[in-house]
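Which chain is which? They are A, B, C and D, in the order written, and residues in each are numbered from 1.
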């Protein structure tokens, strides 16, 4: 069998190494999840089962890729931040995005029943797409996360008000939509508080801020009374737009150049 | 919330549209499947459950992406051929590879128990990577498929002989490896035939040639006695290296320019 | 001197190899030549000195790059067609475009005075930009050339009529523009013929069709009475939109796959 | 004329925008200048006419591209640093490299006779290639310049010793090469000093360090006795490896993020 005769087709593969010394972000996004969530009767405005399954899948990804220092998730999306110096898959863009995307999807289906115990399996296989984006400076990477968190805030405030009008005031989706058209954040806060006694700031942080997974070295006690450091993935709902999170997690940005 | 302040980070996304009028191949490959197959006691040299699950997952991909005209699978890999003119995802390379890869993975986990009825679920979430490769001419695309099928042939002949030596002659893997070192195809055929009475050419075509999924228009009878054409995905184990398959499936290559 | 300490910066260079088995077109375009031609009093609508200088520079490029099989020029632009199989500069896109562009520019300045004998040198250094475009099929590459030649035809018919109205009928540019606004090709032909007795089809082919440089093997007589083949660059003003040129130059398209 | 029929070929052009907020370096390199310099009898080890012509051409480039804040040249190469925020040509890589490369080449040929008054024009058109490289951090960009300046130092020390052995000690090139084989910097300094009384550190800085072109705002006196700031290109031979130059030119690195 003349293997070599066809081997030439490998030369058509193109290189796609990411620029060195640059933050690599891989974001996975649910495909058609508006429909998927409706078909699986997701609770509105937030389904805690779905969010915990998303975070479970994201944790699987972080356990596999040690160079992901931070992940951020909200709604049907999760972003993974590889440290600037990573050499994972020689920084090949398509290798990174397809591996992260496949593992995330796989873990999502695999762990489904642990989070949706009353639905033995999804009605059909869910799909996530993936993309790789590069950010040269720490500020750009922080602004990326701020962009996603601001998006979370805006959507969640809207959805919370929208579904409260439907669930508590008995409105139709059309009526609720009409009322919210053109409103600012302050207006929505006011509707929630004055009409329903809801202080938006008391809503669960997971809904308002999304979920952060931070890799951190934590001390572990040893039998001899001493301690050793161990890398752990910590889940939290912090604000990433302000400076405080970054001061407390200065190890995330500390790099050689 | 100053949404616009962070919105600029979208400008860091790069375009990756595939060259027009070019065959787009997306190949998914099992990650660490040597280990995965051992841990799940795959039958050797071929596990028909695994192959049928792979083909099930590939069929899900073809049902979703109507512009995939042909798929070819063997071992733990599957290649999907998008027709030259496809505008799926505006031909964006990373969109195509991550969507195909995610759906394939998702369907693989989702349909697992239908193919492995005695193993309720895999021990852990399996992963596939994905890549996009472009082929400008029909001949290049055919040579790509020939490359994969020649690879299938070479590996399967080796594995068939290797596992026969172990399973039927009671050799250790080391002993079998030593015997096969440096042998040509003819030598392996001879070992199989003279020592074990096995005519390699009578081995199942699915093992020797891999699996083709071809999209084809087939006539469907109508109540009124007439027929209409319907697109169907046909599974077969043909030789793609020779010309016959391509003559019988000339619709695959027929395109405007 | 710690050379190695800084050497790492070479890793930031990215690969840009062109897809194999694909036509590579490098086009150079004059930058700001509307102004440049006015400042150097180019004759209107066509300055034969400029066109011959452009072709001189293009010939220098073809003499250097043996894998350019065809070049086409009009106005202040020239396109160079590398044969599909070229391995020049390992098909690196930026190497091809910058080398072609630099040599073209260099030859243009170098040979200036041979074509503009009354202007010893340009008023300032002229600039050309360059780009690389890939075309997978022969038809795509032919259509590229047809696009450029159609562009030449449209512009030249317009310019010929425009400048005739100015030069022969004493109109101002504004008046000529107003008359031509919204006219079709037939209208312009009619203006030229009925008002000025000019049959556009009798205008020089170089102006109407642009210039082709074709690499061709021609027989060269030997002292012993025999002949040998020699590669030569032939200048002609053929139509590349129809089939005739391609039939007469079938060697340009004849390639392995 | 069916223009639209061919217009589709424009879709085959690919986008190549440089990552935002990243230093863009365009380097032009003489092609075959070993031969070119020999054929034009360049003085050895350095020809001040050639270096001043290179710097003249580089200055033309900087006058055209206001977003080049710094250029560095040595031997037959020049590097141009665009500021991180530049939007020149929408940051399209091939536009930047071909325009810089063409203008540099054009100016080199155009101004030749001003620097080589005894050679009316070169024997043939010289060529420079160009490439674009991205550097995400200030340190990476500084290290790039350090790499080029270290290269200048190493080559110039070698060439100075090599040509001194030939020109002052009457050696053949082969003999000089043999003596220098395996020597370190200290050895070459010692040869120059002990055998020829040459203190390498007293050699012209332009030869030892290469040429920097820095864009700087300088005060210009006004008729009324006041001053206004004007952007100027300053030529100097500073060390870019240490910190001093960067402290004195802190405006080069000062940017928003």
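What we mean here is this: contacts are C-beta pairs under 8 Å (C-beta built on N, C-alpha and C of every residue); 3 or more make two chains touch, one makes a residue touch a chain.
Chain by chain, the UniProt names read as follows: A, B, C, D = tRNA(His) guanylyltransferase.
What you see is a predicted model, and the numbers here were worked out from it, not measured in a lab.
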Subunit D and subunit B - chains in contact with each: A, C
Magnitude of the superposing rotation for subunit A and subunit B (Cα, nearest 5°): 180
Most widely separated chain from subunit D, with each centre as the mean of CA atoms: B
Interface residue overlap between copies subunit A and subunit C, same or different (over half shared): same
Centre-of-Cα separation between subunit B and subunit A, whole angstrom: 31
CA centroid of subunit A to CA centroid of subunit C, Å: 52
Inter-chain centre distance, subunit B versus subunit C - centres from mean C-alpha coordinates, in Å: 46
Contacts with 2+ other chains: residues of subunit C: 12, 14, 19-21, 134, 140
Subunit A-facing residues of subunit C, complex: 11-12, 14-15, 17, 19-21
Subunit D to subunit C touching residues, read off their complex: 1-3, 5-10, 12-14, 28, 31, 60, 64, 93-95, 97-99, 101-111, 121-122, 124-135, 140, 143-144, 146-147, 150-151, 153-154, 185
Residues on subunit C engaged by subunit B in the complex (per definition of touch): 19-22, 134, 136-137, 139-140, 257
